[in-house]
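Please see the structure below; I have some questions.
Order of writing sets the chain letters: A, B, C, D, E, F, G, H, I, J, K and L. Residues in each chain are counted from 1.
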């Protein structure tokens, strides 16, 4: 059976490409999905790519990954910095997870320097734009 | 008319029994509901038992308790530590509320040591597993 | 074409008039909507007035304001103090926004003294009750 | 007898219009006084408009407002962040007071995020330029 | 052989019923002892109920519980917040211990929000008055 | 019936006169007792003057003051900075209490700048040596 | 030649008796001056009693005390908490100084718990109302 | 036309030479003025040398420097650590400014380690006594 | 001319493979160099791979990269958390730099959560072991 | 006359050998006393070895050492971290004192990293088990 | 084969005997080496005694101890407080290590109260001068 | 014999003139050396001007200044903020030292606001570019 990845995107990432391009680049979320689908395919993964503005919906999707996905790539966006619920969900499902940020959060406001997701991820990639997603998929592929 | 309790469960508690049993025990949320229904019945309460991963849905359910419930038992899980909205909802409805945590939050990460819910509850029970729910129902029964 | 305002209300504001009147006054959210509609009309604005208990829904509504509204008045209530997601949404849509609080948050608990929304608003009005909404509409009218 | 307002301006506001126009706009303090006199008049108030660079003089003027003014609008400027003496004076005279800041202090240096005046004001308006003064007068008129 | 509980009360609890009844209720420590003896009896425990104003005496009593008691209920009162010695004693004897507070310490001064005892207890019950002792005994009975 | 004062001295004050005279002066505790007895007598008070190195004994003595003393003068010495139990005892007995320190604690180590006793005293006198006791007695005499 | 005391009063103390009597009592500053003049006279001191709302004026008066006064009693009021300039002036003139506060600053807002004056005073008396001034004069008399 | 410097001295500097010579040296403020006049003259500057104990007066003098002076040397003394108003005045006039301290503030109390003036000066010289003023004048001469 | 990468390794990385394999894996630094050389080659880069225990030597190597390398991959190891000098060197040479950590620093001691290097890197990859180096090279290749 | 040492042991050290052997080793307090008596004897000291769970008793014993002992070895255990009274007693008697901890307190909870005793000891030995006592005696012997 | 100790000395210890004798005593580093050689010899150890001002060199020497030494005595001097690299090196080689400080670091500046080395040492000895080295060797001898 | 100055430059200062000219100006380190040699010569000093990227080398050079130099001018650059070793070296040699920074460190990142060197320098000059070195030499000349 094919292996499968869940790729989750947090709040406001649906605006990508139009929102603050100097920070987030000009690629849209669809562009990133295409990159992910290609990378997943070449790594032999099916890939379920989603976005939500709701913390609770992201929690639910993570829970549902148990039994349906072999790994998670998550860009929690704003919820990185405030969501204990997503932290708990990831810890509960205990799937290999890589956290991705498009921008380098360490060059931004102090409240973006801490992520509740990082301690429950196996690794973190930030500042590399859409490429970060692709690298995360490669890394998971190697891991699994 | 029968008195009624609202019993609320926060994010990820639907995973109970399967998630980190060394921290949360092996009882499922259904097991806990059964314990609560029994305790409520023996105390002469109807009991409405719910779980949600959505902060907003928990807020709405608390609001709806006005006029329909005589007391609240809440295990806010991750939202204990981050939700001013639940704090405000509980303060607004002003029903006697007891906060319950399955695990002893004081032996865990520092970010779990503070709860926004505690200052608007009449009491807090933590670390006693599913028994904590039963004791909270007993205490509310005595109070009401 | 008529100019348009989006007026957003955060969690628990649907309880206004019944909840803690010594803090929030006795006007209901409908009373405030009427005040806003009148003020908007006299300033030549159409006015879309909404309330949600869901952080994600508020985020989505802010996103949708791009292209449909000329400015935003937002009372983020509890989410003022905890939501980076609303901060990001407001920054992304880059519409002139005024933050309103019914009560003077500086006389309340320390956790209400900081707002994630203030740095992405053009201005903040607090402590003036429903009048604060009307003044915010006037100020936006003057700005636009 | 006509009602009366005291409008106080703190240090360096006499430089308005020439000083850092990108932060404070190009209106002079005389322009703002004209706006205030007009707004006060249309609200049925006499209006005493003053500026001082001296903390002690501002304290004395606030003290003298007892018996001569019905409300205070104050832009404490730099003294917002350092003056317990102005805080004490306002608390002592116990007149309805609105604090105004021309710029949005929450987008500036951290030491400008806290104001000793806010806890003794009924409300705060910031970031709306000279319009903020006019709105404060309207709000006081409504209150009184 | 009958199982046995040690129930310890910290400083000033001997004043109960006369001291600050709005915070601690009107029951005396004898009333609470009666409640505890009854609850212990019905749970099949012998119950040794003590109070001391001396940190060192509480430490000694905890030490002596090794071999003589099967569990401990402790209301450390003021020493909750300052005693590493009691923390160490409880950790050393390693008996199942439940910490009880009559009032909800989370609604009181910040220095009461932290307890050195909580990390070495299996659970904590606060805010439920004398009922808290009874519930603690029930929970220990269930545990043992 | 004669009015009565309890004068309490905390740990190490029995060493006065021999210990660090550059900080505490050369008077012994007996000298201070003589000063207190004289001052109390001239103010029409009986005076019970005690010293203990035990926090618990000081707590007990404060408790016993209810019904036997009309006011308390306390130099809590080291326990000023660490004892919530003495704070609680003083709050429970609710007798007018003045806190005295021989040295000026504000010129010493930072851990001596905070006193748990000050918030439950009506006043504090520090830095005036044995004279501080006499002034405290005078002040209580005036108060009672 | 007669010995002389300088008694200084900081901002807003000229309002005493009318301002917040529940905190500061009903005595006016004239009442306190009368108490001080009497106490000074009986201790053989001339007494120069002043009040200012200006930090700079208080600094100047302290400077002028060199050569004209033998000791200082100062109630710095709000400037206690913010004035390094008064601290420096007192340190420079190096006259025996006692700091007085009418209210117990330790039961008030946290920003009133620290005084820049205390480290350069020989002693501090707070919470004893006008009596505190009298006791300070007595203590200085004894010292000098 | 001759270039001109404003040299400002903050509170208590009028006491120089008599005050704490181990910290500030034995030169009087007149001695320093003479040094400055000589240095200014040799650099081709007129030199206006002033001292005030009033924060507001220093603010006003800074404001008046616009159009009359080409640069500012300021020893803000105690106001370095507390005055946002002087910070704002210096930023508003935007003249090249050098901050001078006679003593090395980094070897003194922690509250002297931060200066509100430093961020609006082009440079800071401390610890070099009166020589610091002369060097500041040289540096401004080179800059202008 | 071939493009070139500088790959720098900080203190103790020469011990890799033998040191704490549960944290750092069993690959040696030579293994990692081989992975890097392969990845660089396939991306069309020459690759200069170095390790030093000396902060100053790392600084010097970074300086020398100007003109000789097109990008930098750096695993600063312990110096991440303490070296402003490396931060300054990277900022000075202004070459595209990616920071790599073998382990997930966010699951380790708090002093490892902050890196002085991150704010001057374009991106950060942590927790992915030797794969992180390869991904960093890929990302730089894409960038250049 | 023989020189004499006082060796003091704080709370819970009477449990040694049975309590948490992985942290404190398997030696009992009697074993340690034997080691100390031997070491003292060979260094020509009489040795008074005591243990108490009471802070006040430890304070009293330290006070009594004046005139009877030539040096102190103290393992204050839990009171290291909370007792200003023991700090004051040691400072008052001014005997050469060495602080000993069986375990390495720097590898344990943060609240064990600070000791009030260290600043009044001449030296500190931790982490070396019972050997630490012996070394402390040797060091005192060399010192005296 | 003879057992061997590595004894490492950090920056500025080469100045011993000439540098601040009131803090560090009058013994030179050669004197200390002689003491160590004697103590090592009598304990049956060979002893390699070194000093460096370079953090990187100390790191390298620690690394080289693997396989050549059986234990380490280290006085990291200034690097105690700043070097994560030395911490990592010691953790990597995992040899029994004792940290020594000549002076009592707890009576000195706050930045000397924390050591990065302590958590990776088995024990710490401070304040006992050169004797501390000898005691550390004895303790290691006993351990090995 | 001629007097001599040691002028030390910390890490990355060898890049001056090419590195971030908007922060550090366009003068190279050779330009600054020329300025220093000229200033030293005219003040009658020989001048030894050095730069190193190694903390340990700077420490060694400072040590060697004892007996060979009469004063030190040091621009510690990045090591200002992190090096206790340089602090210790300067304190040990006890030569008059002036700290220089080219840029105004108070307008830069918070981690640059604190210098470990300042407390052991007699004075500090920052923000005046290469002129700062010249002024430091003048000041030392005057001092020596």
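Keep this in mind: a contact is a pair of C-beta atoms (placed from the backbone, for glycine too) under 8 Å apart; a residue touches a chain by one contact, two chains touch by 3 or more.
These figures come from a predicted structure and were not determined experimentally.
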item	value
If a chain touches chain E and chain J alike, it appears here	F
Steps needed, at minimum, to go from chain C to chain L via contacts	3
Interface residue overlap between copies chain J and chain K, same or different (over half shared)	same
Interface with more contacting C-beta pairs, comparing A-I to D-H	A-I
Rounded Å distance, chain G centre to chain L centre (Cα mean)	47
Chain I-chain K separation of Cα centroids, rounded to whole Å	31
Computed distance of Cα centres, chain L from chain H, in Å	24
Mean-CA-position distance for chain G and chain A (Å)	63
Junction residues of chain E, two or more chains touched	54-57, 82
Touching pairs - complete list by chain label	A-B, A-C, A-I, B-C, B-E, C-D, D-G, D-H, E-F, E-J, F-G, F-J, G-H, H-L, I-K, I-L, J-K, K-L
In the complex with chain K, residue positions of chain L that touch it	54-57, 59-60, 63, 82-85, 87-89, 91-92, 116
In the complex with chain L, residue positions of chain H that touch it	98, 104, 106-107, 113-115, 118-119, 121-128, 131-132, 135, 138-139, 142
Complex contact set, residues of chain C against chain B	10-12, 14-15, 18-20, 52-57, 77-79, 81-82, 111-112
